[in-house]
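Sharing a structure here in C-alpha cells format.
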Amino acid sequence: MFPPAMAGYDRAITIFSPEGKIYQVEYAGEAVKRGWPTVGVKCRSGVALAAEKRKISALFDSSSLEKIYIIDDHVAASPSGLLADARILIDYARDIALSHRFLYDEPIDVEFLTKAVCNLKQQYTQFGGARPFGVALLIAGIDRHGARLYQTDPSGVYIGYFATAIGAESGTITEFLEKNYKFDIDMGECVELAVKALASAVEVTDSSSVEVAYATLEEKKIKKMSADEVSALLAKLGLLKKS
Amino acid sequence: MFPPAMAGYDRAITIFSPEGKIYQVEYAGEAVKRGWPTVGVKCRSGVALAAEKRKISALFDSSSLEKIYIIDDHVAASPSGLLADARILIDYARDIALSHRFLYDEPIDVEFLTKAVCNLKQQYTQFGGARPFGVALLIAGIDRHGARLYQTDPSGVYIGYFATAIGAESGTITEFLEKNYKFDIDMGECVELAVKALASAVEVTDSSSVEVAYATLEEKKIKKMSADEVSALLAKLGLLKKS
Amino acid sequence: MFPPAMAGYDRAITIFSPEGKIYQVEYAGEAVKRGWPTVGVKCRSGVALAAEKRKISALFDSSSLEKIYIIDDHVAASPSGLLADARILIDYARDIALSHRFLYDEPIDVEFLTKAVCNLKQQYTQFGGARPFGVALLIAGIDRHGARLYQTDPSGVYIGYFATAIGAESGTITEFLEKNYKFDIDMGECVELAVKALASAVEVTDSSSVEVAYATLEEKKIKKMSADEVSALLAKLGLLKKS
Amino acid sequence: MFPPAMAGYDRAITIFSPEGKIYQVEYAGEAVKRGWPTVGVKCRSGVALAAEKRKISALFDSSSLEKIYIIDDHVAASPSGLLADARILIDYARDIALSHRFLYDEPIDVEFLTKAVCNLKQQYTQFGGARPFGVALLIAGIDRHGARLYQTDPSGVYIGYFATAIGAESGTITEFLEKNYKFDIDMGECVELAVKALASAVEVTDSSSVEVAYATLEEKKIKKMSADEVSALLAKLGLLKKS
Amino acid sequence: MFPPAMAGYDRAITIFSPEGKIYQVEYAGEAVKRGWPTVGVKCRSGVALAAEKRKISALFDSSSLEKIYIIDDHVAASPSGLLADARILIDYARDIALSHRFLYDEPIDVEFLTKAVCNLKQQYTQFGGARPFGVALLIAGIDRHGARLYQTDPSGVYIGYFATAIGAESGTITEFLEKNYKFDIDMGECVELAVKALASAVEVTDSSSVEVAYATLEEKKIKKMSADEVSALLAKLGLLKKS
Amino acid sequence: MFPPAMAGYDRAITIFSPEGKIYQVEYAGEAVKRGWPTVGVKCRSGVALAAEKRKISALFDSSSLEKIYIIDDHVAASPSGLLADARILIDYARDIALSHRFLYDEPIDVEFLTKAVCNLKQQYTQFGGARPFGVALLIAGIDRHGARLYQTDPSGVYIGYFATAIGAESGTITEFLEKNYKFDIDMGECVELAVKALASAVEVTDSSSVEVAYATLEEKKIKKMSADEVSALLAKLGLLKKS
Amino acid sequence: MFPPAMAGYDRAITIFSPEGKIYQVEYAGEAVKRGWPTVGVKCRSGVALAAEKRKISALFDSSSLEKIYIIDDHVAASPSGLLADARILIDYARDIALSHRFLYDEPIDVEFLTKAVCNLKQQYTQFGGARPFGVALLIAGIDRHGARLYQTDPSGVYIGYFATAIGAESGTITEFLEKNYKFDIDMGECVELAVKALASAVEVTDSSSVEVAYATLEEKKIKKMSADEVSALLAKLGLLKKS
C-alpha cells in the first residue's frame, strides 16, 4: 500500500516523482510483467525467438493469435504486455521497414528500426494526454552487422542482449539463460536453448503453446516454425505431452 | 469496495494503475458483462451466431432492435454492452468493408476487418479526452481462409475462438459450450448448439427473444433466420413456449 | 446520499464507474425524468403523439411553446427534458431530413433520421469537453415501412415501441398503456388512447395543456390538432374542465 | 450550506448533478436574480417594456447606462444580470437582425431572433471551457405575427408571456401583474401597467430611475420614452418624487 | 476566512458560485483596490484626470512611470491595478483609436472606444485558460457628444460618471467628490477639484507624486500638465511641500 | 506555513487569490530573490552595470557564464533568477533590437525594447498552460533620450531607476545605493559606485566574480570591462584579494 | 517525507513553489543523479570524456549501448539520466549540427550547439502538457575558440567547466577532480585523469564498463577509443581486472 503523501505522483501523466521516476512508465512495466513471456537468443549462427501462447480457454483458436510477428523478411518482433498496444507498434514497425525498402531499396538495419519504434514510445512518456505503451518487444533479425537482438521497454529504452526474456517469469527464464548460454552454438542449439529457457518457467507442452522463429546469418530470413516442426522439437526435448 | 488510496487510479482516463491495469478499460468490460449475451460457434461447415433479445417492456417492438448486424455479404457482428457504442462500431465496420470492396473488388478478410475495428478501440484506451468503447463484439464470417469467429473486447484485443460467448451469463454459456462443443458437425447442428448454449443461461422462448444468423462455407453468405425459422428451431429444440 | 468513495465517478465527464456505468448519462436521464411527459401510440392505422404543456404561470403564453415539433411532412418529434437541448436536436433533425429530400428527392426513413440524431447524442457521451444532451425524444412518423415510433434516450440508444411515454410520470402512463393498448384500432381511437394515457397521470383539462399530433398510413402526413379539435376531443373524453 | 458530498457537482463546468441539474446554469440564474428588474407587458395594441435603473452613486451619470436596447426598428431587449454579458448578447442580436434585413430585405421575426440568441446561450451550457451567460433578457417587438414578448434565461430556454418580469423582486412584480393584467387595454394603459408593476417592488421616482419603451401594432416601431415623457408618466401615476 | 465548502468556487476560472458571483472577477477587483488611486471629474467646460504616483523608492525615476496615458488626441486613460495588465489594455485602446481614424478619418467616440476595451475584458471573464484583467481604467475625453468620463472594471462593465475615483482609498475620494462636486465650474476649478479629491486621501506633495491631464470642450485635446504646471497648481492649493 | 484553506490559490496557474494577488507571479519573484545580484547606476555621464558571478565550483570556467548581455550596441541587460529563462528573454530582446535596426535603420529606444520584453512576460502571467518567467532583468543603455536604466520583474512591470539592484541581497545593496548615490558624478565614479554597492553585500574579490559594463552619453556604446580592467578597478577599490 | 501542505506544488507541471522552485525540474534532476556517471576534462591540449557502462546483466551486449555519442566530427555528448530522453536530445543536437554545416559550410560552435539543446530543454520546463527532459549532458568539443566542455541540466542551464562529472557519484568524482586537476597536461594525461576520476567512484575494470573519447586542439576531431585501447589504458592505470 502507498502512503497518502505519495498518492499523487503516480496518477498525473508523465510527471516526475520526487525520486526522479515516472510512475506511469513504471506501471506500464507492470503490464509487461503480467504478459506471456517471450525469449530471444543470439548465437554464432543467427538469432532465435520462442514465445509462450497460453490456452485462454478450451475453445480458444490458438492459430488466431500470433506472439511472433514478421516485421520484414529479415526481422521479427515478439511482444509481452498489452496485446492491443503491441499491435499498434508492430504495424508502426512494419511501416517503417517498408518505407525504408521503398526509399533505399535495402533492408532496414535492425537497430535503426528498433530506435524508430522506441522514439515513438518515448513520446508517449513525455507528453500529456496519452498513456505510455504498456508493452515490451524483443526485436530480432539479421542485417549487415550480423545477428541482432534488442529488448525495448515502455520508457523507450532499448538494449542489445545475447539472450534475454520479457514478460511473466522473465526472472526465472533469465537465470536459466545465464546458466546455460553459450555464444558458440549452431542455429539448432540456439532454438533449443530458447525453447528450453521458456520451458524452465512455463508449461510448454504442445505446438499450440509456443511459437518459435529464427534467422541464420547465411539466409538472413526470419522463419517461423510450423506446428509440426514445433512438435518435433518439443518431442526431441522431451517436453511434448501426449494428448 | 475500494480502499481510499486506490480511488484515484480508476478515475483518470487512460492511465495505468500500479498493477499495470487500465481501470477505465476494465470498467468498460463491466458494461459488456451487463449486456445481453450473444453466442458464436464455428464448425466444419461454417459459423453461427445466436443473440438474446430481452423484452424491455410489454409494448416494446422487438423488430425494431437488431442484435446481429450484417456488416457485408459474408460477415456479421453481434455486440454486448452499450448499444449506442455498438452502433458506432458497426457503422465503422461497414465503412471499412465497403471501402475494401470498392478498392479491391473482393470481400474483406474477416481478420483484417476485425483488426481495423480493434485498432479504433485501442485508440480510445490510450488517449485522453474520450472513454473506451463499452462494447464487445463477436465478428463471424466466411472468407478465403474459411470460417472465422473473433471476439473483441473494449481494450482492442481480438482473439479467435471455435465457440464463445460475450455479455451477461457468458460464464455459464461458455461452460455449456466447453461440455458440448464438437468441430465436426454440420451447419444445422452448429446453429442448434449456439441456440442451446444461449438457452442454457437465459430465457429463449420465442422468436422475439433470440436472433440467429449463420454462414456456410459453400455459400459464403450470412443469412439471418426469419421469425418463422427461429420458431421452428425453438420448437424442434423444445424451447418454444406456447403463447 | 453517496458514499465518499463513489463521489468521483459521477463528476468526471464521460468515464466509466466500476460497475460499467456512465454516470453523466444516467444523470442526464434524471433531467428527462423531470420533464413534462409525452406519449406515443402506434396502431394499425398510423401513429399518434400527445404531450403535456404545463401552465408555467398565469400569464404564460402557452401558444409560444411547442411540445410537438414537425420535423418533416411525415415525421414529428416530442421531447422531455431540457428544452434548450431539445431545440438543438430538433434543428439537427430538420437539417438531416431536409438534406435527405434535397439529395434523394424522397422523404427520409424515420429510423434513418432517428439514428442520425442518436449518433450525435452518442458522441456527447464518449468525448470529454461537453456534457450529454439532457433530453429524450419520441420520434413518430410514417414511411415506406409503415408507422414508426421510436424512443431515444440521452445515451444515444433508440428503441421502437408500440406505445410508450417519456418524462415525468412515464411509469404511471406506461402502466396505463400496457393495460389498455390494442394494435387493431383506428386513428381516432389511437389518438384517444394517447390522450387518456397522458391524462391518467397528469392534469389535461383544456387545449392549452396538451398538444396532439397524428399521422395516418394513407395520408403519410403529420397533423397537429388545433385548439378547437383538442377541446372537442377532451370534451368527448370527459376531461375538459369548464372555465 | 451544501453538504460536502455535493460540493463537486457545482464546480465542474457544464456537467449534470445526480438530480439531472446543471448547477452552473442554476448559479448563473442567481446572477440574474441579483440584477435590476425589468418588466414586459403585451396587450391588444402592442407591447411595452419598463426597466429599473438604480442610482449607483450620487455622481453616476444615469444617461450613460441603458437598460433597454433597440435591437432593430421593431424589436428591443432589456437584460437583468451581468451587464457585460448582456452587452455581448445585445451585439449578437443586432448582428443577427441586421444580417436578416440585408439578406431578406425584411424585419426579422421576433421569435427567430430570440431563438438565435438562445442557441448561443445553450452552447455555453453544454461545452466546457466557458461559463454560461449570467443574464436573462426580455425581448419585445412587433412582427408579422403581431406583438411578441419573450423571456430568455441562462439555460437558453425562451418562453412567451403576456406579461412577465426578470431580475430582483421579479416575484413581487409578477404577482402584481397576475392581479392586474388585462389583454384588452390600449398602449397607454399597457405602458402604465408595466411601470406600475415595476413600482410595486422597487423605487421608481424620477426619469433617471426607469427606462420605458413600447411598440404599437400600427407603427411596428420601438419607441423609447424621453426623460420628459417618463416624468410626465410618473407624475400621472403619482410616483414622481419632487426634487 | 472562507469556510472549507466555499473554497472551490473561487479557484476554478470563470465559473459561477452558488450566489451567482464570479469570484475570479471579484478577486481581480481586489487588485484594483490595491492600486494607486486615480480621479476623474467632468464639468461644464470639459473633463480632468488626476492620478497618484507613489515614490516606490528614493532612487525611483518617477518620470519613467506614467499613470495617465494619451490614447488619442482627444482621449486619455488612467489605470488602477496591475500595471502590466494596464499596459496591454492601453495598447489595445490605442490600436482601436488609430484604426478608427484610419478607417473613418475622424476621432473615435469615447464610449465606442470604452466598449471595445470592455468587450475584451469581458472575454477574459467568460472563457477558461486565462485570468481576468486585474485593472480598472478611467477613460476621459471629448467627442461630438461633449465631455465623457467612463469607469471600467475587471468584469467588463463600464459606467459613466460626473466624477469618480478608482484604486486605493477610492471610497474616501468619492466621499470628497460627492460633497464638493459641482457641474457648473470652469476647467481650472475642475482640475483643482480632481487634485483636491486625490489629496483628500493620499499624499500629494510635489509634481512627482501626481499626474494631471484635462481636455476642454473648445480645444478637444487632452493636455498633460508639465511638472512646473503641477507644482504651481499644488502651490496654489497649499499642497506643495517645500523640499 | 500556509493554512489549508489557502493552499489552492497558489497552485493553479495565473488565477487571482482573494486578495487580488497572482501567487505564481509572486513565487516567480522568489526565484529572482535567490538569483545572483546585479546592480545598475545611472549618472550625469551615462549608466553602469555590475553583476556578481559566484564560483559554483573550483573547476567552474567562469568565462563561460555571462551575467551581462549585450543586446545591441547601445543597450545591455543583466538578469537575476532562472538563467535558462533569462536566456530566452535575452534572445527575444536581441531579435526585437535587430528587427528595429533593420526596419528603421536606427537604434531602438531602450524603453521601447523594455516594453516589448515585458509584454512577453505579461502574457505568461495571464494565460494558462505556462508558468511566468522566473527572472528579473536590469536593462541599461543610451538612446536619444539619454541614459536609461529599467528594472523589470516577472509580472511584466518595468520601472525606471537612478540606481537599483535585483537578486539576492538586493535589499542591502539598495540601502547602500540610497546612502551613497549622487547623480552628478562622472562615468568612472558611476562604475565604482555600482561595484562598491555590489561589494557591500556579496564577495567581490577578483575579476572572475564580477562583470562590469557601462555606456557614456558621448559614445552611446555599451562596453564590457576586460578581466584586467576589472582587476585594476577592484585593486583601486581595495577589494582585490591576492591569490 | 513531505508535509501535506507541500504536496501540491510538486505535482502540477511547470509551476513555481512558494520558494520559487520548479519541483518538476528538481525531480528531473533526481533522474540524472540516478544515471550512470560520466566525466569530462579539459586541458591545454584538448578535451576528454569518460563514461561508465554498467553490466546490466550477464548476457547484456555492452556493445549495443553507447554512453558517448558523436554529434559531429568535432563535438561529442555524454548523458546521464533517462536514456530514452537522452536519445531525443542527441538526435536534436545532430540535426542542429548538420544544418549548420549545410547552411554555413563550417563546424558549429560548441556553445551555439549547447545553447540550442538547452533552449529546447527550457521550453519543457515552462509549458504545461509535457515533463522536463530527465537527462543531463556533458557536451565536449573543439571549435575556433579552442577546447570546450559544457554541462547542461534539465532546467536548460549550461555552464562551462574545466572538469566536471554528472550522474551517480558525481560528488565523489568531482572531489577527485578538484584534488587532481591540472590544466597544463597533455592529451594522454587528460584522458587518464578522466578515467581515474571515474574509477575513484565506480567499478571500471574492463573495456566493456567504460567508454572514452577525446579531441585534441590540433586534430579537432572526436575520437572514441577502441576496446583494445581502453583495455591498454586500464592496464596502464592498474584498473584492468583479469578475467
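Chains here go by letter, A, B, C, D, E, F and G, matching the order in which they are written, and residues are numbered from 1 within each.
We adopt the following convention: contacts are C-beta pairs under 8 Å (C-beta built on N, C-alpha and C of every residue); 3 or more make two chains touch, one makes a residue touch a chain.
This one's a predicted model, so the numbers in the text were calculated from it and none came from an experiment.
Common neighbours of subunit E and subunit F (chains touching each): not present. One inter-chain figure worth recording: subunit B and subunit E are separated by 69 Å, centre to centre, where each centre is the mean of the chain's CA atoms.
Centres computed as Cα averages put subunit C at a distance of 31 Å from subunit D. If you average the Cα atoms of subunit A and of subunit F, the two centres end up 55 Å apart.
The residues of subunit A that reach two or more other chains are 12, 128-129, listed in rising order. Taken in ring order from subunit C, whose neighbour in the chosen direction is subunit D, the chains follow as C, D, E, F, G, A, B.
Touching subunit E in their complex are the following residues of subunit D: 1-2, 4, 7-8, 10-13, 23-24, 27-34, 56-61, 63-65, 81-85, 87-88, 91, 124, 128-134. Across the complex, subunit A meets subunit G through its residues 3, 5, 8-9, 12, 14-22, 42, 111, 115, 118-119, 121-122, 125-129, 149-150, 155-157, 159-164, 174, 177-178, 181.
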